[in-house]
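Chain naming follows the written order as A, B and C, and within any one chain the residues start at number 1.
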C-alpha cells in the first residue's frame, strides 16, 4: 500500500466523516422508530401506525391492493415506518422560536456544542479493524487507497472519547442558562451536577478494561478484550459491565436518571424553550450518545465489537471453516461490522426496555447512587481487574 | 376585516345558540326570591298551625255559607243546597314522606344546648340531621366547645358554607358549619345568621380546614371573616366584580363576557360595526388594492 | 457578587403533572421547597350557581362533570341528598345496583389515579396497563346506561332502567380477570426499589394534621384513621355489605398507594356481593314528575373515591329549583394539605404529593 499524501489523507478522512454522519442519521431515526414500537409492545399498544395514511404512500399502495385482493393488510402495523423520515422532516420545517429574553448567541451555540461533541466521539470508534474498503482505481487523487474502519484510531482513543463526551454537558448547562427561564435553569443545573458526578464511576469502570488490555486505543482494547484474553471479557468484568451500563444511562439522561428533562417536574428540562432543529440537535445528541455508550459496551464488555457474542467464535470457528459453504466463512468467522451493529442494537433495546419498566429516581437519590454506591463499587471492580491482570499476564 | 358582502339587514338577535346581546339574554334577568326558606322547628310549627287555622277558618266559612244558602233556599222554597264536605287530605300514593323538623331529642344536641346556654337560638332535628343555631357573636365558643368537650368531640369540620336570603328581615345570610365526629360517628350542623356587613369570627382558629372554605364563602357570597389568615378570593380573580352566588347575581355574569372573552364568530360584530359606521357616513371598509 | 436568593417557580397552570390546571406557586432554595401556595380557580364554571337555576333533576349532568373520573360517585351523593331532602325511599334493588356501579366507579377512579401517579413518578407502562382494565369498566358503564365517562346513570328515586340482559356475564368476566391484573401492577411497583425510594416517607401527613385540615378518603386512612363513610354513616346498600376498611399507619405516599390497592380488592368483594345478593323488585320509587320542595336543608356526605363528597341543599317551599346547592368537594379540601405535605422537601416530591392526593380540578374549582 502506498503511503497517502496529506491531501489524500484529508480527503479520505472527509469521506470517513461523511460515512460516520450517514451512519448516525440512519441509526438515530431507526432507534426512534424502534423506541416507539418497542415501547408500544411493552405497553400493549401498536406504537406508531398512522404516519402514512391507509391509502397513501408505499404501504398504502400495498394495503390498498391487499384490500382489493380481499385480504386484511398485515402491513398496517408497519405503516408508521414513515416516521423515520417524518421525525426529521418535522424538526427541520418547524418554526424556530427564539425567546426574547434569551442570550441569543449562547442559545444558538448550545445545541451545536451538544451535537458536535457527541458526533466527534465517533472519530475514535473503529467499526472494522483495519480496512473497511479500498477505493476504486478510477477515482481521481484517492483512487486505490484503503479506507480504514475508523476516522482516527488514535492510541489514546479512550481518552478522546471520554474527554469529548464530557464536553457535551456544556451544551446542556449553557442551554439551561441561556434560555433565561426557570425550568431550563433547574434542568441545566441538575444535569451539570449529575453528568459530572457520573463521569467518575463511568471512567473508573472503563479503567478496568484499560488495565486488563494494557492499552487506550479503541481497536487494540476491543481486540484484547475479545480475543487477547484467555476468557471472555465480561466474565471478570461482570460488575464493571453493569456499573458501566448504569452510568451510561445516567450520562445519556435516560430513565431512570432523566433528571435534566424530568418531564413531570421540569416540563422538558433544559430544552423547554427550544424548538425546531435546535431542539432536534439535542434530541439527536441524546440518541447518538446512547449509540456511543452501546458501542463502548459492546466493544469492551460484550466480546469485542466485530465478533460473535459470548466468545462463540473460538468454539465455532474450526467447525465453521470445516463445514460451512465458502462464502459464509468470511462473514461469520472473521471480524465483521455486522456483529458490532447487532450488539449496539441489543444495548439500545435494553435502554428502551428499562425506560418502559421502571420509575424515575429523585434528584438527590441519583446523586447518592453515584457517590455512595457506584464509585466504591467501581474501585473494587478496578482492583479485581488489576488482580486478574496480575494473575494472568 | 373580511371583504365579505355586507348583508342588507343586520341580524340584531340572530337565531341559534349564540346570543349576541347579553344585556337582554334571558339568563341575565334576575328574579329575587320572595320567601326566606330558613328551616327551623319553630317556624315550621307556626306555619303548620297557621295552615290548620286557615283550613279551619275556610271550613267555618264554608259552613256559614252553607247556612246562609240554606236559609235563603228555604225562604225561596227551593231545594236545599248540598251540604259541604270537609276536604280530606290527599292520600300520599308516592314513596315520598316529607321529613318534618322535630324537637331536639338527641343527647348530643341536648348536651350542646346545655353547654351553650342562652347563646343557642334554636335547636332541632330534621331528616336525621342535628341543627343548632347559635348567636352570631358566639360561634367561635360554640365551635370550640364542639371540638373540645369530651361528650361532643367533633374533630373535623367537614364543610362550611353560606346561603343568601335577600328577602329576610334582620339578616342576609346563614352560615352553616357541618361538623363530623369520627370517633362517635355523629354529624352536627351549626348555623349562624349574619346581616350584611357583619364579619363573623373565622373558624380557622379552631378548625384549620376552614381556611379555604371561608375564602370560598367570601369569594362566592361576600361574607368576610374576622381573624382569617388570608382573606382573599380563591376561585375568581382578585379583581372580579360581585359575588356570584348571591341571589341578585345573574347566571351569565355581569358583562365581563360581552367585552373581553367573546370571540367574534363569523365576523358578525365586524359586520354590525361596519353597517353602523356606514349609517354615520364613515367608510370602514379597507380600500381595495389597485 | 454572590447572593443567596430564593427562586420563585410557577408549577402550572400548564404543566405535565398538575392533573389539569392547578397552579402551585413555589419558592425554591435550590431544589428545596421553602414555601408552597396552591392557586386554583382556572376551571371555575360556577356549577353551584348553575344548579341553583336548574330544576332538581337537571342538576345531575353538572355533578357528572365535576369529578369526571368518578361520575357515578358524584351522582350517588347528589341523588341521595335529593332523596333525603324529599324523604324518598329508594327500592332495595336500586340500592344494590347503585352500590355496584359506585364500586365500579371507585375502581375506575383508582385505576386512573394509579396510572397518573405512576406516570408522574416515571413508570410509564403502568399507565397503559391500568387503562386496559378501566376500559372494561367503561364498557360495563356503557352496557348499563349507554354512556362511558359522564354516565348520568342514576335518577332521584332510583335508576332509570334495570340491568340490561347479559350484564351479569360482563361483570363476572371482569371479576374473574381483575385480581390477576391487580397483582400485575403490584409486581411492577410494590417491591420496586425506585418506586419505594420515591414514595416511602414522602409527603407525610399525620392523622392529627389530616383531621385538622379536613382531609378525608384514602389519604386519611393511610394515616391510620379508619374513617370510611360507607362504614361510619352507611348509605345505599353498604350496611348489608361485608367489607373491610383498609388502613395503614405510615401516612406517606407509599401507604396511600397500598391503601388504594387494598380498596380496589375490597371493591371487587362488594361488587361480587351485590351481584350475588341482588334482590328482585322495582328500580324506581314512585315520585311525581315535578318535584316541589318544602323548606328543608340537608347535608349528605358519601364516600367518593377521592374522599368525602357532600351535597348541601336548601329547599324553598313550592320551588322546583334548589334554593342553595353546595358541593363539598373532596379534592378542594384535600388540596389544602399540600403545603403541609411538601414544605421542606424536594421539588420532585411535590409531583408525588399532587399525585397521591388524587385531585381532579373539575371538582376543585367546580
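Going forward, a contact is a pair of C-beta atoms (placed from the backbone, for glycine too) under 8 Å apart; a residue touches a chain by one contact, two chains touch by 3 or more.
Please read these numbers as outputs of a predicted model, since none were measured by experiment.
Visitor: Of the other chains, whose C-alpha centre is the longest way from the centre of chain C?
Guide: A
Visitor: Taking each chain's centre as the average of its Cα atoms, which chain lies closest to the overall Cα centroid?
Guide: Located nearest the centre of all protein C-alpha atoms is chain C.
Visitor: Rounded to the nearest whole Å, what is the centre-to-centre distance of chain B and chain C, using the mean of the C-alpha atoms as each centre?
Guide: 27
Visitor: Would you mind pulling out the distance in Å between where the CA atoms of chain A average out and where those of chain C do?
Guide: Computed from C-alpha means, the inter-chain centre distance equals 45 Å.
Visitor: How many angstrom between the C-alpha centroids of chain B and chain A?
Guide: Centre separation, chain A to chain B: 67 Å.
Visitor: Going by the contact rule set out above, which residues of chain C touch chain B in the complex?
Guide: So the residues of chain C in touch with chain B come to 40-41, 44, 46, 48-50, 52-53, 84-90, 157, 211-216, 225, 227, 232-233, 285-288, 294-299, 301, 308, 310, 312, 314-317, 319, 323-324, 326, 328, 332-333, 335-336, 365-366.
Visitor: Can you list the chain C residues touching chain A in their complex?
Guide: Residue positions touching the partner: 7, 9, 15-17, 28, 31, 118-125, 127-129, 132, 188-189, 192, 194-195, 197-198, 346-351.
Visitor: Once bound in the complex, which stretches of chain B touch chain C?
Guide: Within the complex, chain B touches chain C at residues 27, 33, 35, 37-39, 43-44, 93-99, 126-129, 131, 155-159, 161, 163-164, 176, 178, 180, 182, 185, 187, 189, 207-209, 211-213, 216, 220, 233-237, 244-245, 249, 251.
Visitor: Could you please specify the touching residues of chain A with respect to chain C in the complex?
Guide: Residues 39, 42-45, 182-183, 186, 190, 255-256, 258, 262-265, 267, 355-365 of chain A touch chain C in their complex.
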